[in-house]
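Got some structures for you, see below.
One chain, chain A, appears in both complexes that follow, with chain B as partner in the first and chain C in the second.
For the complex of A and B:
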């Protein structure tokens, strides 16, 4: 069964983070993404979904199947309407945290996937888009 | 409307007939599940319900089932509902038990009130149908409640079950972690591990993460804290079950496991632990 190409998953609780991971894994498996990249993608999803839940006060994860010159990939967009990030460069730095985590979430997630894009508007929210190619 | 209802009288006078009609109705509804509930039990439950309802109806209150005179009926329904929940009945099937009493009661009311005014009959039917709806909904409420209790208990069992601390050798503990490692479970793992370190006076604890599907920064942080706490109690930790894809992910994530010994397999970790304690297997 091929999963539908477009889906929006709510992220409103700890359980939703686990669900987002599972859904991302299912899509990655369907696209034939290797085990290592699957694990990397799922880990990145875990980091970004937790950011949405913890810092953004909840939001969504949008899943799309994308293709580029015959190569298929999975694009995930994480959106929240939280306080936003005033200094993105600082937030991307390893070890920088506003909570009490390890401060590796954003930078780590960027290193785990093929494409990473972050936009944030203070007071309006944050959008992170990642792509993993098969 | 409830005042002067003939329900109690009908229930008393036609108890045996109503029971047979009702049982026939239940059989016809296709929600009986004879493989789950025997005819004898069904008959006993149905008779008991008719009795309880008759006694409650004698009080004349047919609109509010939360009052004391309906307590017996409620308790009985609660018992029937949770029995059925544990047997595997669906909530609809359980509610049908009560709802299917409507047809026999209406038929009986129609016969009894022959020649009386239509308004009176409609009033009776309205009273009875509202009453049975309430009782039917009550079974659903109880059903959901008992399901929720089952889920809550299973959830607790799962947390306990999935975090066992095993003594694999004198002085060596092993904690095989399985599933998602959230904050609540990590807390349980840490408590169990620290307690067992005291109980068994162990020097080495092996934390096996073979069964943990995702190691993100939060899981890494939980593991680091557990190791640090064990260390404060004088026990050294070895993390085992680090699969190739997990190793690559942790490296790119940037999580530092410096100063913590890790092994690919539990067997490797055990060998290391035995060597630490100067033990050899011959």
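For the complex of A and C:
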């Protein structure tokens, strides 16, 4: 089954984190992304979806198929309406954590994908966009 | 709630993670394993992750903590069967499981445990059959 090109997945529970990973894996397989990059992408999804759930109080993951000069990719946008991140540069550093993690979530996720963008508004929420090309 | 099965083989506890991990499942495994080490006096733990196609920082942290806790209870842990793509991803993520023994597969994991811990019961241990 070919997945539709645009889908929004709720992230409101631990089960949703697992579901978000599975859906991202399915899309990556459909696009013919190799196993190593699939694994990196799905791991980044796990980190970012957990951030949305734990720090953002829940949110969504939007999936889009994108193309650039004939090359296809998967773009995932994670959005929450949580407290936001006051200092993004600090939050991107390895070892930075406000929760019970290792503080590798954001910086680690960035290293795993081809493109990474983060925007945050204090008191309003955070949006992280990643792209993995096939 | 699902549980990750833990098998006892003599001095060894064998944890085989066979399905995708929920956070609470990993935490339950940690509790179960500590209880079993206390009950059985196991000296070695094998955690087989060969079926896992994803290990994120949360799971990695719980596994590393579990190995540390097991060590405090006099059991050494060997993590076995990591898939190549998982190893690549973990290192790029910034995790390298320092302080956790690893082996390519369960068989090599048992060999490593014997080297670290000496002969384990439940295995043929000729060198202790003195008389």
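Here is the rule we go by: the second predicted complex is superposed on the first by the 134 of 134 C-alpha atoms of A that agree within 3 Å, B and C clash if a C-alpha of one lies under 4 Å from a C-alpha of the other, contacts with A are read in each partner's own complex, and residues count from 1 in each chain.
Here is the rule we use: contacts are C-beta pairs under 8 Å (C-beta built on N, C-alpha and C of every residue); 3 or more make two chains touch, one makes a residue touch a chain.
Not measured: the values here are computed from a predicted model.
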Taking chain A as the common reference for superposition, should the pair chain B and chain C be classed as clashing or as fitting? clash
One more residue to check, A:112. First (chain B), second (chain C), both or neither? both
Quick check on the superposed pair: does A:18 touch chain B, chain C, both, or neither? Answer first, second, both or neither. both
Just chain B (first), just chain C (second), both, or neither: which does A:42 touch? both
Contact residues of chain A, present in both the chain B and the chain C interface: 14, 18, 21, 35-36, 38-40, 42-43, 46-47, 50, 94, 101-102, 104-105, 107-108, 111-112
Taking the complex as given, what residues does chain B use to touch chain A? 180, 182, 213-218, 220-221, 244-246, 248-249, 252-255
Where on chain A is chain B touching in the complex? 14, 18, 21, 35-36, 38-40, 42-43, 46-47, 50, 94, 101-102, 104-105, 107-108, 111-112
So in the complex, the part of chain C that touches chain A is made up of which residues? 20, 22-24, 53-58, 60-61, 83-86, 88-89, 92-95
Counting only contacts in the complex, chain A reaches chain C at residues 14-15, 17-18, 21-22, 25, 35-36, 38-40, 42-43, 46-47, 50, 94, 101-102, 104-105, 107-109, 111-112
